[in-house]
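Heads up: the structure comes next, in structure tokens.
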């Protein structure tokens, strides 16, 4: 799975009998994703929406699974992730929100030293139209095309992807990084992939206040960017007051770090056009 | 440092002001090793045998150090190793004996996931005649040649290396793996290096009772061995009674596992001649 | 969650980090006998309490009661002082800084220490600051204390005290899921002891399920924010006029930004979250209406939360609360047509494009 | 270090691993009142105590004293019974196996469980054994208990009990630096509880500096071995005639092997270690002489331990202890010539080649 997800991605859903896991597993199958197994302790040998259910990820590996969607309550996420690491899963996507960030820190470093990819927590997942979707993005908004999108939010991503699709473009890949202060993939990680991907010709980064990942991405674009690929950005939180968390745990301006101004300035200096409104993004891609 | 140690190996000695650290640092310099720094908290800015002393490994990195010899009391070994890992050292050799094996387990896995090489604990180190020596092997017994030696013991290694040198051969590399049940490098690890090394034409493995590393090495030789390189083995502990530790913590026959017979049989089946006495080794190399 | 100074110090005590002797009072009759000079410290979550008059000294017995009377119930900036920490006055020889925080950029805990304590760490020059990122897989090791002590220029005894404090702060940082554990100043007393003269401990809200011993109300929150949070909404009060209900934190923030750029200031941030339920929509209106907005904007991009569910909620809320304010609705995405029909059937118009809705709602507050 | 069953169970109790009620006695007058049927278990470090008669049952009050009298002071194989564990008899419904050990091959702790308990795990067929290597960087996680329980076929309640026991065994394994924590059998009682009916705990000797609460004499060691270990020597008593002093564990083992292949059985294993000191050599002779060998072999390859230092030690020991036995010395390596001169000056010959020395010393015991 060089490019996060591809035709060979086979997904196990940890927490498949939960409300979210169950619903989104079904949606993923409708999208064409190979959902090969579910995990729910004590439900070994049953089926859920036609998906075989196993007691453990280790048992589910017999289906050829190489990726997991973790949709279990926050207190159990770390255990679920460690189970996936132990079983040899190569891509771990955590849907759950409100995971303690210390748990995410540990999960991140454990996956990082082992070359396992971590996506999330608290993000909408990854979608490659026509290929594979892992996560909770609405199936209807996508069309295959040449725009790659990476975003720190969920619904706003759908809004922007929908606008891109409506305006005649389409997407190679849409990646939701997650709205927490610590997440598995950053803008720099996905920029590398987008620049390497021959199908991607345009890139959209949807950032928000908090942290300095946008600033680092801007520096990366200056130093390593491929000028043939146009990059457009949108930053939310311009109107956010200092010290207030705007919904996402990561979206907070602390001690002057993480302001929208700083991010917009960094992108502008890197030659990245920054949209004022979500609807402006498709226009800037032209 | 592709081949454990080479001309670019620069050694820091953790515990340089101790008896062992001090003496062997001097011997290593006499051998031609680039001992670039010593570490001893609170001794920053002093010199020891002409070697600059630092408070921490991190500070000592300014000398270009890339390897460490750890010679601190057993209770402090884990901290010293973690300090070296944190500072970015690429080869960690632990001279100290009686390190709790749980500490070694942790050190091993921490180095292993980071691609850091761990040698020891409780071994004599590594010597490449004419190139570099890290550890406590006597300088006088070596001559540059085409025999590579790997051993689980110390003095017995010197005995055998001496016999090899006396009989007209010489050594490419001599590696002491360490006498503990858990050590950083195994026979398989070093066999890979020996097979890859163009200068090595003969290989000597000095094993002992306990564990099944020799059996695994024999299997590796059958499956991956280069038949142009002759492998000779010697196994100690034929006369050891079950359940008694013969000096080394690793040298113990438990529940029938780890007997000399099993190891000798495995090597013989792999086409490896096994010497009855240490002095017989050079004869079998011809 | 921010802990009060005295709460942080209670944790410090449990972790064997030295703190001055002291006790907390919320009324004057709980004062204990004056035995030695004390500092009387307002327990409010405000940096620079001292400069704002929140800290007083009682060197003699007769100074204690006036100091307590002055501070209890006083209003310091936006905070009312409800509790005081009465603490033994330290013989201060020198002040240092030490903290462990989350370094978001590196995704690692970072140790920060400085020989320049007692001032905001942001004002200390870089060459006076020791920074060290900690690999979470390695955890705390003794060498970290040695490295930091070497930078601080401590002798063997102070190095041992300092390393112990650092180790214990790290244990607290990990075991209590902290975002920040800060001691500023860490005081060197006349008799050569290091003592934590202040504490700042911030605990990850998402971890509170495993720290049942901590149950602060966050005093930085308004009563309405607290009510909303208890009901499970992400909700922030702002100082504009337009009440906002949207779905998704990012889209909600984008909605506030768009309003602001159009000179229509929002009254609140409210994210419906990712659950598809009419009741959640109705309750959201209840909260927004309590904030007394001049106009209301509902901005929905349907995904998991479907447009028709929201539409049904809007209709129900309009009836239930007899909403008088002008309301602008924007619906797009999953089940958009069904949602729009529900609204139309009940005499409510809905935009499809976000920007049109923004412009419309701003026109209402401008007219007013 | 092997712990006695009762010591292991004391640790189990501390880690909330259920054990039967019981107490330890070392004399008959310490027996408590008989209140329910009990098992009387000899506290000796021997597998298969039961088969060897080391365990008796007292179902009625009048059976207790005879059982205790039978066992206390009894000799079972090589062990003298000094302590008994008097333990509540369990209502055994089923017996399982569970252990955590070091997997040397993988360099990881390994969990082993089996529904076939109460027998040696080596005799259980592979398809009845659950084996799981544990990544030390990940540590223990709840999924491990679920995986093991799923293999065992446990229902939800037993799975919860079993997982808890496994988790606590792992905590004990790590915190007490264990080589092995084994419960065999783990008993399912009539009222549905899992109870550890036996314990086998082996602690790494090298870790004892941080486990001051454990200070067993290892009963598998002879008094002379204990004396030698206390003096810092690696020393093992064997049943031959040739006393051996060598340097380095590997070379010492090779020396014993060579003697054995020459039909000259060694009396002991003694490694001088890597310190260069005459006193260590002299004390080594003291130990070897106490083992009353027929002849003595000293085999030195000089490195850190230098040949002249050893030679000086040999000379001093010969005088001090007035050694009568024939002694063969082999010196090679660092400062060999200097060492040989010291010996020659004192009328002692020394070989340079190990095999010659082996042949010579064997000739002495063959003559005898």
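Note that the chains are named A, B, C and D in the order they appear, and that numbering of residues resets to 1 at the start of each chain.
The rule we apply is simple: a residue touches a chain if its C-beta (ideal position, glycine included) is under 8 Å from a C-beta of that chain, and two chains touch if they have at least 3 such contacts.
Here the structure is a predicted model, which is why all the values come from computation and not from measurement.
Counting one step per pair of touching chains, how few steps separate chain A from chain C?
Minimal hop count between chain A and chain C: 1.
Check every other chain and keep only those touching both chain A and chain D; list them.
Common contact partners of chain A and chain D, which must touch each of the two, are B.
Which chain pair is joined by more contacting C-beta pairs, B-D or B-C?
By number of C-beta pairs in contact, B-D is the larger.
Can you work out the whole-Å distance between the CA centroids of chain B and chain C?
Once rounded, the distance between the two centres reads 54 Å.
Between chain C and chain D, what's the gap in Å when you average each chain's C-alpha atoms?
So the centre of chain C lies 57 Å away from the centre of chain D.
Using CA atom averages as chain centres, what separation in Å is found between chain B and chain D?
Those two chain centres are 27 Å apart.
Can you give the whole-Å distance between the Cα centres of chain A and chain B?
Averaging C-alpha atoms per chain gives centres 46 Å apart.
List, in ascending order, every residue of chain C touching at least 2 other chains.
If we look for residues of chain C contacting two or more partner chains, we find 135, 137.
Which chain A residues touch at least two other chains?
Where chain A meets two or more other chains at a single residue, that happens at 110, 113.
By the document's touch definition, which label belongs to this structure's chain graph: line, ring, star, complete, or other?
other
Go through the chains and record each pair that touches.
A-B, A-C, A-D, B-C, B-D
Quick check on the complex: what are the chain B residues that touch chain A?
113-114
What does chain B use to touch chain D in their complex?
That would be residues 23, 74-75, 98-102, 105-106, 108-110, 113, 136-138, 140-141, 151-159, 162, 179, 181-182, 206, 208-213, 216, 234, 236-241, 243-251, 255, 260, 276-279 of chain B.
In their complex, what parts of chain C are in touch with chain B?
135, 137-138, 141-143, 146-147, 150, 156, 159
Spell out the residues on chain C that touch chain A in their complex, using ranges where they run on.
Against chain A, chain C makes touches at 102, 104-105, 107-109, 122, 135-137, 174, 177, 179, 204-207, 209-210, 220, 234, 236, 238, 246-254, 256-261, 266, 269, 271, 274, 301-305, 332-334, 353-355.
In their complex, what parts of chain B are in touch with chain C?
Going through chain B, the ones touching chain C are 41-42, 44, 55-59, 76, 78-80, 82-83, 85-86, 110, 113.
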